[in-house]
Amino acid sequence: EDNIVKIGVVAAESGSFVSAGHTLPAGVGLAVKQINDAGGIKVGGKTYKLEMVKRDDRTDIATAIAATQELVRDVKVQAIFGSETHDFTLAMAKITQPAKIIHFAGNSTLAKILTPDSVKPGGEDHYLFQSEPQEFQRSGSTASGVLTLLEPLLGYKPKKSVMIVGNDATGQFLSSYYFKALKAEGQDVPDIIFYPPDTTDFSPFLTRAKSLNPDIIHFWYNGDSTLTALPQALELGAAKSYFLFGVDPGIWKEKQLSADVPVAMSCVPVCWGESSNPKAKAYFDAYFAAGAPHGVTSSVSLLYHDYVHFLAEAWEKAGSFDPDKTVEALLTLHHQGVVSDDLTFNPTHQVTHATEVCAAAPGGDISCSMQQPPAEAPKS
Amino acid sequence: MSLLAISEIVTGYGPTIVNRNVSLTLAQGEIVTILGPNGAGKSTLLKAIAGLVRPRAGSISFDGADVTGLPADIMARRGVVLVPEGRKIFVDMTVEENLRLGAYSRKDPDAVEADFATMLAFFPILATKRRDKGGSLSGGQQQLLAIARGLMTRPRVLLLDEPSLGLSPLLVKEIKAIILDIGERFGASVLLVEQNAGLALAVAARGYLMQNGRIVVSGPIAELRDMSLMRDLYLGGVAQAAS
Amino acid sequence: MIASRQPNGSAISALRSLLPVLVVLALIALVPLLSPSNRFLSLAISAGINVIALYGLSVLFGQTGILSMGHAALVGVGAYTAAILARDLCTGFWLALPAAALASALFAMIVGIPSLRVGGHHFVIMTFAFGQLLAIVLTNGGDYTGAATGLDLVGPVTLFGADMSDLTRYYLMVVAFVAAAAVASWAIINSPYGRTLRAIRENERLAASLGINVGRHKIGAFVVSGIFAGISGVLLAHFLGHISPTQFASFPSIYLALMVMIGGARLIAGPLAGGILVAFLPEVLNLDPVQSRIVYGVCLIAVILLLPEGLIAGVGQVFRRLLASGQPKQEREELDTASTTPSEVRR
Amino acid sequence: MRAVDIFIQQILNGLSIASVITLIAVGVTLIFGLTGIINFAHGEFLMIGGIVTWLAVSAGLGFPLAAVLAILAVGLMGYILERGIFRFTLERPTNGFIVSLGLIVVLQHVVVLFWNPNQKSIPRPLTTVWEVGGVRIASVRVMVILITVAVVALSFRMITASRYGRALRASVEDRDTAALMGIPVRRYITGVFVLGSALAGLGGALLIALFPITPFTGGTMVMKGFAVALIGGLGNIYGAVAAGLILGIVEGFSAGYGFSQWTDAYSFVLMILVLLFRPHGLFGGTSGPRMAS
Amino acid sequence: MSPILEIRGLSKRFGGVTALSGVDLAIEEGEILGVVGPNGSGKTTLFNVVTGVHMPSGGSVSFRGRDITGLKPHAISRAGIGYTFQQAMAFAGLRVLENVQIAGEHVRVNAGASHHPWPTPLALLDFVGLAALADERAGVLPFGSLRLLGLALALASRPALLLLDEPAAGLNDRETAALVGLVRQLPGHGITVCVIDHDMKLMQMLCRRLAVLDFGSKIADGPTGAVLADPKVLDVYLGGDL
């Protein structure tokens, strides 16, 4: 008889945030299946099979909280993944942390609470891990990649950049880092233009950007909005080139997008449509074969997939499900994942990994490259 | 044969029954009155005839056809028109618009214009207020407007619910003359509900006395006037209180 | 001569409407004895917190006839007040309660005064707009409001030294607050003040002619509803531990209005029933979330069409009709008349 | 780019989205002003119009035909909903309003159920972009503006043709008394509701011609539609058109020149201010049937 | 003795319509004053201005020596002036008894309203003959009963001066007589009455003094008999003999 270890997932399978929500259980589920197919994990001499217990948060915080309570206290999971919604995650952590449940979440705003003080043993977020890099790293790698890839396509060195950013938690948080990263690359950034999250008519924002005469307009960060905005930008001739955060070359091709100017794209963390990362193809083949839809957020699932493996390895290394020992193991391990051969958590429970940036030439080919993150945050 | 014949009609609102087995008739050109105390069900009966309230039982025939349960707009187009109690004029519309609405379903524009002129001549006050909102009229002026609007429909049967309400003695006299004139001028019959017994008794040829939703007495006006029940229910109090 | 007659004991009959609610709440308070799941407790706490806000809405809408689409914003003011006070002044739960009630009441007044200047439907849209504005202000409020990410609220809730953060204890505390809200709203409904509000609902002009300061009382009702909302907000903030602007934007407001309508805004049992139903219907029927929302929307429409006074009143009516079916016909007619509203009122 | 070009460009930007909002506002204003029904689900009608267009275009139909289908489908939906639901709430407008809130939930999730919650878009029916001076004019936006102008003008004529217009207003004020004048009140109310719905259907088709939509697109659009209807004066078509223009331009300018993150706030503040000083809207409107609670 | 209500030079214009022009009128404590005049002569407007529904365009109103011109309706009601509407009104969704209870709850007894011990709501219903309907919803009452309820409501607000706008409209002779019986008792309870009605029998029974308006001006004011015999009044209002 196999022993079972339960991993909880809280994600939006309905409500307004569904598009991101589906990727989370898909990535976790895939990893769970792979581990079980390989015989499960060995901890303390016994073999365990993993079981994913997922709960829909209905994009509703009360449901997210109830689901977390249920997973933590009724189902008694060993770890929790989720959610994709920033404020939900922060509220969930109030439950998982006192209960000493290992909690993985991708929200970059977690950086606000993951401080050396809070993650130390006995700190209030000791068991909380951010499955994405520190924001200066992602911003830094993205910015340098975008500029490097666009320069040859433009035929000159771009000097002026304008950012267009969704005015929600992610956008507000991320944009300040990306702004600094662009500055560090020597860009003149005259304006960061925020748009309300449900905007569909981007023309006023784009016209404003156009009036600043930019070499690049950076759409930062919502993939769906970006896809809405790009055709309008092209129509207005708003800039000499564009950067679309979070749009996969796969989407670019599937939607048969094209532009008369160079367009850069980036994926979080690796692209599925066109990639320079050889391991990624196998992952995404399995991922889509399992029935997951092609979407702008599909690649994010990769992170969750890797962290389930990472966690499993940590448990094996700790030889126990004891949360304190697990944390210790997580902090000392170097995991070989798809995203990176050397996934490690830094002292504030965040990881470091590369970001993939691609660029489409006008009417032509797409080329991609993995961008290594800067070691240090730019001095502002 | 009578123009309008109501037979054994039952009406009510929700679960409450108002009229029970009421029958009455109205001949071409006739003026008939329904009298009765407050809450007897007179207005409800008129509404049922006009099609605003669906009768629960019984039948209504008009001009030889069965019209039971037809909606108000169809009844109005056939010529059975109610001037409702409590001056239900359109307060946000001008006097002229109110009058023209009366002629809504008429297809004889020239005659409508003529009638419009006649109304303004009948009721000079409406002519001076032609472009004012109905709601700005005084109570009595609104009553006149409601009557005039009813006449603009060129009814064949005019159901008048308390037309003298709120009119000055002078205007009551004029209204009396107009009611008497309706038959001749418009060829219409009139079914009149009135609390002003003086007016009702003066213009009607026949009358029905309604109590608790039923017709209790009917007959020629001269007979009704002398009936003691009538006096008790309807007229009697004045003398007592005055003494 | 004017004779003197005493009105009959209506206080007792009024109490009869409160009693079932208190009995139900007492039963609900016993639920932890059945060792329910933590999911249940958690959902029940959220539902209870909503119900407290709904009692405010029922005073505003059920009694005064003012439909607000910005009630969640008032809850939000309470929640943010609690979070900001805790952050800046280390204010605890119990001190936050009066402070948040005050802040929400104040905000209600600020929204109410201009909104009530424009009557009828415009009012609904105005409250909606104010709700949206609040969310926008919170989103762009920088570090002070935590912007789109929102604010954390840490710090235990204690009562007589006992830590109330434990789910069961928090549950019991919320049930107690719900009971208090029910009693408060019952007291309002059955006081002359409640009658005054109903008078305004029925006919403002007539109310004014009888010495009622219509404008002031309408704003007053708005403020009262704000007090309920503020308290609900404090409970919510302490329960979630983290609040953010989207929780208090217009759609949560719409849902609050729906809940109170489903339960019935005029009856004391209405908010309780509405809040519980909406929270647990999808759970109980175990529907796929998308389907459950469809079912729930259809239910709402059905309730409004078939039982326009809300579920509780509707069920009560059916119940009375069943009871009355044994009695003589005449009496039954009267019973029913009393419970139907006249569709047409003479003007 | 010259400042004046930017300015003109912003006005053009404002006009096209203003067109869609105006279509909603005209529908809202007609339906409310003439039937007293406050249909908050009007935005979802628009969304359905977009979905129908998307389905039709995906099935290979051309945009014009798809738009006609959207108009017909949403008009039919309006007919069914008016007959099946809203007619029973005429006496109590508040109930009609609440029912429409329920409809929002139902319509959104029915669409999610059948066609998932993701964005949907169609290829632009017109792709030409003219460049005049420094200003770029997309032909599809011009198409949207022109269609809106034509359709609104047409509806306006239909509604105000004196006899109908008078009868409609009378029906709103007092249904019973209007019926006593021989006005087929019920048919009129249904007719207006269907017309307003059909306009939303067209609005949806035009919207998806411009931008992708999701099942939740209706929510934000309807708020703007109501704001415009109120700013213009409920029941006042002229007002709705003028206010739609004002709002479109204010939004465009606030995004273009103001603090962009406050873009949404400007329209609400505008509405609140207008209603505060002119409770019946800038151009005056009917107060509509009284709201019985 | 100074009059309880003194109206001086009161005017009211609606756009181009002059509804009242320079009306002077004094109502003596304890009397029942009648106001008559052709339809549209400004009677209701006079009441509306006194009770604060409309702002006057000119002139002043003082009640018991206090200037009340331009006060809000609720303030005027609290000062001690009650009134009934020409269109009968009640709180339609509430029970009849509740209606009267509400009406009695907003009086400030010291502010000029009557000091007499006041009858209970039920007693007031008894007084107007509606006690049997106390538990009905006001919305289902027939017109006549609604008028009586309106009177009960106004009485419950403890007025020192009661303004009645066409209280007998829609009542038959018998009901009118009952109303006369009621209104006549009011001065005995310390309530001064001013009544508008077109029913001359009623007015003759109730009022010793009549004031007549025509086109917004007062054209006669004096003992009832004399006023009704005034040729001017006969001409514009009565249209010949009674």
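The first chain written gets the first letter, and so on, giving A, B, C, D and E; residue counts start at 1 in each chain.
Simple rule for what comes next: a contact is a pair of C-beta atoms (placed from the backbone, for glycine too) under 8 Å apart; a residue touches a chain by one contact, two chains touch by 3 or more.
Which chain is which protein? Per UniProt: B = ABC transporter; C = Inner-membrane translocator; D = Branched chain amino acid ABC transporter inner membrane protein.
The structure displayed is predicted, hence computed values, not measured ones.
Chain centres here are means of the Cα atoms, and by that rule the chain farthest away from chain B (ABC transporter) is A.
The greatest centre-to-centre gap from chain E, using C-alpha centroids, is found for A. Centre to centre, using the average C-alpha position, chain A and chain D are separated by 38 Å. Annotation: 41 Å between the Cα-based centres of chain C (Inner-membrane translocator) and chain E.
Centre to centre, using the average C-alpha position, chain B (ABC transporter) and chain D are separated by 44 Å. One finds 77 Å separating the Cα centroids of chain A and chain B (ABC transporter).
Counting partners per residue, chain C (Inner-membrane translocator) has 139-140, 201, 290, 293, 337, 342, 346-347 as the residues that reach two or more other chains. In chain A, the residues that touch at least two other chains are 14, 167.
Among the residues of chain E, those touching two or more other chains are numbered 87, 140, 143.
Across the interface of their complex, chain E is touched by residues 1-7, 192, 195-196, 198-199, 201-203, 205-214, 337-338, 341-342, 345-347 of chain C (Inner-membrane translocator). Partner chain C (Inner-membrane translocator) is touched in their complex by these residues of chain D: 32, 38, 85, 88-89, 91-95, 97-99, 101-106, 108-110, 112-113, 176, 219, 223, 226-227, 230, 234, 261-262, 264-265, 268-269, 271-272, 275-276, 279, 287-288, 290-291, 293. Of all the residues in chain D, the ones that touch chain B (ABC transporter) in their complex are 163, 166-167, 169-170, 173-174, 176-186, 286-287.
Taken in their complex, chain C (Inner-membrane translocator) has these residues touching chain D: 61, 65, 67, 114, 117-122, 124-126, 128-130, 132-133, 136-137, 139-140, 201, 250-251, 254, 257-258, 261, 290-291, 293-294, 296-298, 300-301, 304-305, 308, 343-344. The part of chain B (ABC transporter) that touches chain E in the complex is made up of residues 13, 16, 35, 37-39, 43, 85-86, 125, 132, 136-141, 143-144, 162, 165-174, 195, 197, 233-238, 240-242.
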